[in-house]
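Below: the structure, in structure tokens.
By letter and in written order, the chains are A, B, C, D and E; residue numbering begins at 1 in each of them.
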Amino acid sequence: MEPEASIESARMIRVAVVAVGNIPSAQLRDYVALVLRHRVVSLECARLFYKEHQKSPFAQQSWDTGSLCFKFLVGGAPRSPWEDFQANRKCLGVIGLMHCPTTPDIGAAYDHFMAICRAYPSAQEKRCFALYPTDGQVELDEKKRQHLVMFPPDRQMLEYHLQTLMQDFAASLLMAFESWVLHAEPVGAILTTPLDSQASLNSEEVSKAKKRRLGRVQKTIGDYCLLAGSPVDANAHYSTAIDLARLTGDLLWHAGAIEGSVSALVVDRGGLKDPQLEEEVRYRYLEVIQLYHRKTALSFELEATLKLARFLCRKELAGQVVELLMGAVEGSKTLMDASDRLVLNVEVARIFGALGYERKAAFYARQVAQLYQQQDSCWAAMSALQVLTLTAKSYRIQSKAAFSARTNTLMELLHEKDEPSRDSRGQYSSLEVGADGQWSTLQMDILGDMLAAAVRAGDPLSAWSAAARLVRGHYPLITPSAQFGLATALVTAAERLPPGTRCSDPALPFVRLHSYPRLPPELEVVKRFPGKKEWWVGASSVGPFIYTPFTSKGNESENSAEVIWVVGEPVQVLVDLSNPCAFEVYVESICLSVESGEIEAFPVSVVLPPNTSQVLSLSGLPLSVGSLVVRGCIVQCFGVVTEHLFEEAGELVSGVAISDPFRSVGGPRVSQSVAAVVEVMPPLPLLVAEVVGGEGAVVLYEGEIREMHIRLANAGVVPVLEATMTLTGKHKEHVLSLGHDILTAALPLFPGASVVVPVKLKAGQPTTEVEVVGSKGAGVNNVKPAKDPACPMLVIYYAGPPMETRDMKTKAVISPSLPPGRRLALPLQLHVLRGLYLQQARLLSMEVPAQISRYLPDPGACKSEATSPTSTLVKIDPYRGSWGLLLLELELWNATDVLFEITVTVNKGKESVDEELADDGMVNDSLYPSTRIDQNHSARVLIPLERFKLPGLEKAFLARSLAKKYGLTKHDSKARESSERQAKSELNATIEELSSRISVKWHSGRNSAGELPIKDAIREALQASAIEILLPDPLTFGFRLARDCRPSYGDKVKLSEDAVDEQPKSEDSEHVTVTNQGNNDSIVAQELTPIEMLVRNNTREAVTMSLSVTCRDVTGASCLGSSGAKATVLWAGALNGVDVEVPALGEVVHGFALCFLVPGQYTLLGAAVINDPDESLGPNSNLQYPESEPEPLYYSGPPYTVNVTGIS
Amino acid sequence: MASIYNLFVINKSGGLIFYKDYGSTGRLDTNDSLRLASLWHSMHAISIQLSPTLGCTGIEVLEADTFDLHCFQSLTGTKLFVASEPGAAGVTALLKTIYELYADYVLKNPFYEVEMPIRCELFELNLLQAIRKDKYSVGNR
Amino acid sequence: MPPNSRPGDAVFANVERVNAELFTLTYGAIVRQLLTDFEEVDEVNKQLDTMGYNIGIRLIDDFLAKANITRCSDFRETAETIAKVGFKMFLGVTGSVANWNADGTECSLILDDNPLVDFVELPETCQGLYYCNILCGVIRGALEMVSMRTEVKFVKDILRGDDAYEMRLKLLEQVPEEYPYKDDD
Amino acid sequence: MIGVGRTKQHVNVVDRPLGKGKVEVSLSAFSFLFSELVQYSQTRVDNIAELERRLEDAGAGVGLRTLELLCHREKGNRRETRLLGILSFVHSTVWKCLFGKVADSLEKGTEHEDEYMISEKELLVNRFISVPKDMGAFNCGAFVAGVVKGVLDGAGFPARVTAHFVAVEGQARPRTTILIKFAEEVLQREARLG
Amino acid sequence: MASTACFVIVGRNDCPIYESEVGTAPKKDEATHLHQFILHAALDIVQDVVWTTNGMFLKVVDKYNELLVSVYVTAGHTRLMLLHDSRNEDGIRNFFQEVHELYIKLLLNPLYVPGSRITSPFFDTRVRALARKYL
């Protein structure tokens, strides 16, 4: 039975193509290919070499359209017993192929050829092509070798030559046919078939045989006509043959003739089919089949059936074809010859394939495979394996290699007919399970067979692949023992493979993308939003609508967020590995594999115990800019390298037949939405920051001021062009200033370069109370660093140069001008400790009794007498008799383990700024001696407040203070309120100012310096008794001995300013005199002592008043005035009713003289009566009290003591 | 002109969730309608407090000389009230119908958020029909 | 107690109706959707309950508008109304109330048939699913709108091999209703 | 312990009789359920297309089952093998069963050979639904489209099915048109079957 | 009752969703495999025959040796395929119809994903019972 028999095959001239001499297989394949090109030789071409010896029997031959068809049997074929029956079974020609370079002795080779030819008695033409002969060979070529053809050596000529030679070959065959026909005609050759009984023929049988012969001859002539490419002639002969055969009841030949005629018909149509033709052919072939059947020529019957089936093979006629094929299969059961059965199955499979019935095809292919496997030989096993591989597709267990390599003819058949059937089983509605994994029994069966076959065929790779597919696809249905079997199969197969062999079918483990771990923050990439100054603040992503009804799930998992890598910076990917099988899987190496991008992947190896899964972190180094997809892993396992694609694992998970390999081993369930495209950015700058000097955490005492230096180094490969520092996180207040300018000045910061940025810190509130306790003795370095979010973050956004768009991919990805920037977040780990506790702040007051003396210590003193600090502490009010000094006392406790030194500095207000500059500015700090506080001790610091008196105040105040003094409540509340309010505000302002002027600086033992945040404490301490502290009395009185002993009567008025100014010089001179005089302020009795009373007006308006002086002795009795009594003190000048007007903030001096008769201690009192208080009490007071006549206000100054010494 | 001047729907917390004018007269701008609605809400509550007897359901009809105000409150606290021309009959029935329309075209609409202002064209459409129909029926009386 | 024994029937007769299969299959689609969305059965139960609640807070108005019921005097009556009128009006089946606790704040609503579960069968993977849990939510939501805070949960489920669908209805607190309501005028 | 209700034992589906499709529930119940389906779906998607897809999927499940059920119950186990057959099956049988009425119209696309349209003046599911302006042309009929797709796919007529609002002159409300676009394999087959 | 009978339900995505060897013949592995191979192959035939009739019962569509393949295609193109060695059309028809009804009930269950394996034991027992009854 013939493989690939078809109706047309009746016109095929069979030619054996054999290798002659010693010829390399490569060469042979090459030559054969060349020869095979000439399957069809048109009569036109052949004609060139055709010589008409006598009238051609092929009258109807169409020289212009017709052609000769060859069927080349490479390697030759055994002689068929049916040659007589069908001429196309005869081997009518032999072509030898000789490769001269490897065949030195042409002669021998030629003999070899001739020997081969003997196997083909019916060969009409013989050629022995000697290719690439050497010159030597050429010349020692003698004439006697008629069939030998020497080819000129060069290639393209060779092709040409071959063509002509083939045409010549065709032509000579044609002529041979003619002669055969011409000779056959009259004589009638003996044509027999194995079916003809060789038994002795009785007479009438002989005559019958004679009659039959005619028919048979006609039939055979027909065959030759057909071969000669003249279907019309053929048809003529066939029809006569048919008639004869029918008459003679020569069934076999009858059928043959009909077949022939049908072929002729088809050939005549030039291969194009139409329904009528099909119908015709079918009808006649059924008869053929019938006849064969009656003749019980089974193989012919089947062959005919197949021919018909192949001819009809069309989707529309599928029904009929199937019927025929099933019939054929049915019949084949009684087929004797094994190879026939094989052929039949192959054919059936092919035709089904051609029909688009993959599964049918697969089924019969499997039958074939089984037939092969029955014959126990390596060769058979190979073919079996081959066939099985073809079935794989329709059982959906293809090796992935199959997709690329479509080698085999049957494969192609299946494939090209494949497309329609594919989409017919196309899309399913999304809620149905996808079409994979099922029919497992079949799949396992096939795979098992493949494994067996492959092993037998000694094809380790196929074996490995089959085993891999089996275990991977079907482990749940495989018993543990069988699983072990497969494992060993894998291993043994691998042993026979060269190391590092690749296989397209992954085995174990299952690999699945777990997630892309976030880059460490300092490596993280920040998209830049062009046009914005703060390019890092992203445009808020809004939904598709203004009012969006959709609450987006939000990307809580970083998987959904896009992944961005940077060229040349190592990255990590987490993958799930799972081994659901009963044996341990040793993964020799596993590393990432990517698509559309380059990455240098770092392989690792891992062992997976039975039924376990594990998450593995794989790292790599992106090498090219653009978008890449991490599609899977390259795994070397069981000695073979395979690629495991992530989505495959995904499929398995979603599939129903196979239980999720990750779930089954208790692996986590992750959504398979992870297959993210990764953007790979061009290299970016990379800043690394370190705190200069000292480890991360900085420990500060409350109020400490320190400059901290941060070194920023560019560890990247491109310069930093722009960088911006910002502060985030809690406790920003600790940071005073950032060295923005320094940073910007340092730009561009080239790779390797670094810049030191100062950060000025001022510790505010203590961050953690516990530290203080914990850090007793143990030292503060053990404060746990960093983790607490409390510390402020120094965040630096920086970016490199705009990238030059080198490759298209990137352009697609982001606007080429703007590569992303980066964020460097440096937690400033500030730990602020309590340094000094302010226990309390309170006001102290002390009285210093005043004495009359030659001079008044004067306000400016502090400056002139800076030598003695103490004196400068107290700024004496010249007019106060008694020094009600007010001191602010701060009690501080040192809770730390170092000692502290406190300096109180008072920043004199505006007016003093300039001279502060004048002297070296240390003036403030050096003002007061510093106090030291040992650890766990407390100390008090006194701050005198005298000097903070206000320069002056409104009369209203005066009035009020007076009113306060004398309980006068004659104020309209409204007026008061307003003035009060403004006064209050003024007060607060001054207090504010005051408290801000006092600052308590400290140096700690750990030479750090700072300032105590005690402003509030001071403020509240002051608030209480602000009035007393800040307000001078409206009038102040002072007495002093007149300078010159000659008393000056009358008053001289001068502004206190002048006084203040002049005082120093005059004073110095005065000192001299005083010292010369030897004794100072003592007053001698019975001597007229000139005294001056100074009255100062602290209000901002002029006040007119009448002054009076009283003098009392120790008993307190007045010594003056009572004229009648014996006066103990005499006086000169006015002591009463001295009317003066004191200008605003001015003072008057009223001179008089006293003469004390008795030594002792006396007291001088100044007093004033203000005549019209109204004006002083603000304009609208008299509206208030229209009728009340203004009553005078009485005001008296503090007592001055006068010591009078007697004459010695 | 229609017997109904306008319609208010107030949610249980006294917020106006729907307002529509039907008469040419007495148009209100949004703020007014909002204010009036919440006012009415509290008035309604007050009216209940006022009632000397138990089981008072609050004002149902308020008859002014220029118009009548009919109020309907569902068990869920949603209040519908309309201003109609004086003595218009069958308004209570109309309110009932409107309530049903509300249940149908507002509450069954997946794009309506409970307690929120009503923006459902179907509701308005059917309201209009109901009110027109009612107008005629009223006319017949 | 409403006067006639099957007050729901009249209402059901009057409301518009649709083929139960559409309803059942749609509900099925929802449940299946939930199962795919939140793999865990308990999650699905929770979700069903919340969805029910959302329905309940809307549905109550529909109920009040369409079913001419007078305001229930007490919780017992409310329960009866749900069982006899509510279920009937919406699902076309009548439930029954039973197993009152002593102080009349807890009872069982019992359905021995309900259109939600036609054709339903719990596969192994869905054991622990309360297929009809949405009902609990609906009741809870509806009652909350008429100021009764309740807790409703399934205690029996035919799908799980019990002999009826039994929901335990528990009154947590009743916000005193200062707006009594008369429907009939 | 239960006072009322005859106790009925759990019967497995395979042993329960198939309904005759006469049982009914109130339209309200369905509408609320459907409304909730839409609301829920909204919380799971972030654009219109996804929302439509979700509704379609839900519908497809219904459609597939309806197909099997109805062919068995209404059609006495006859399958539809021809395009028009299946279309009219959808238009009448399916519609009747699910929505209580035959669909208003079934037309063939004028410009495309492979397009057919089933139109409904007021789709049951859209009965109470007003789609806000900002949701564009979104139509809850997507669910019904899904049903149709389910039926067609199931019966072996894969098609793309979508729901659209189509304005009708003289009508306040647009009607909904279910547009069916068959896969070309279907048309090929039709051609083959002649 | 048929000595050999292999019943398979194939989902519309051509995957078997239910398989059972119903038949008196002793179960042999390779036998069952062969049966499945035959049924699998028969799908190609069915795929065409399906469109030639709108009845669900396609009778015998394919055979291999003495084994016949009868097929019943539901509206949703779920194929009930029976491999049998005895001609008993009516029995088979009844068998198919009843299984079909079972299948519909199963399919209507919202929790059953169309095209997924049928795991319900009830279904299995019912099918085997029907097989005993009709085949």
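By definition in this document, contacts are C-beta pairs under 8 Å (C-beta built on N, C-alpha and C of every residue); 3 or more make two chains touch, one makes a residue touch a chain.
Just so it is clear, the model here is predicted, and its values are computed rather than measured.
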Fewest hops from subunit A to subunit C - one hop per pair of touching chains: 2
Chain whose Cα centroid lies at the greatest distance from that of subunit D: A
Longest centre-to-centre distance from subunit B, chain (CA-based): E
Chain centroid nearest the full-protein CA centroid: A
Chain-chain pair with the highest tally of contacting C-beta pairs: C-D
Distance between chain centroids, defined by C-alpha means - subunit B, subunit E (Å): 65
Approximate Å spacing (C-alpha centroids) for the pair subunit C, subunit E: 42
Whole-Å gap separating subunit B and subunit C, where each centre is the average of the chain's CA atoms: 30
Subunit B: positions in contact with at least two other chains: 104, 107-108, 111
Residue numbers of subunit E (touch at least two other chains): 12, 105-106, 108-110, 113-114, 120
Subunit D, residues touching no fewer than two other chains: 12-13, 16, 28, 32, 34-37, 39, 42, 44, 57, 61, 64-65, 69, 132, 135, 154, 189
Complex interface listing, subunit C residues touching subunit B: 57-62, 64-66, 71, 145-146, 178-182, 185
Contacting residues of subunit C [partner subunit E, same complex]: 25, 27-29, 31-32, 35, 118-124, 126
Of all residues in subunit C, those that touch subunit D in their complex: 12, 15-23, 25-30, 32-33, 37, 51, 54-55, 58-59, 62, 66, 89-92, 96-99, 108, 110, 112, 115, 118-121, 158-164, 166
Contacting residues of subunit E [partner subunit C, same complex]: 105-106, 108-113, 119-120
Interface residues, subunit B side, partner subunit D - complex: 104-105, 107-111, 119-123, 125
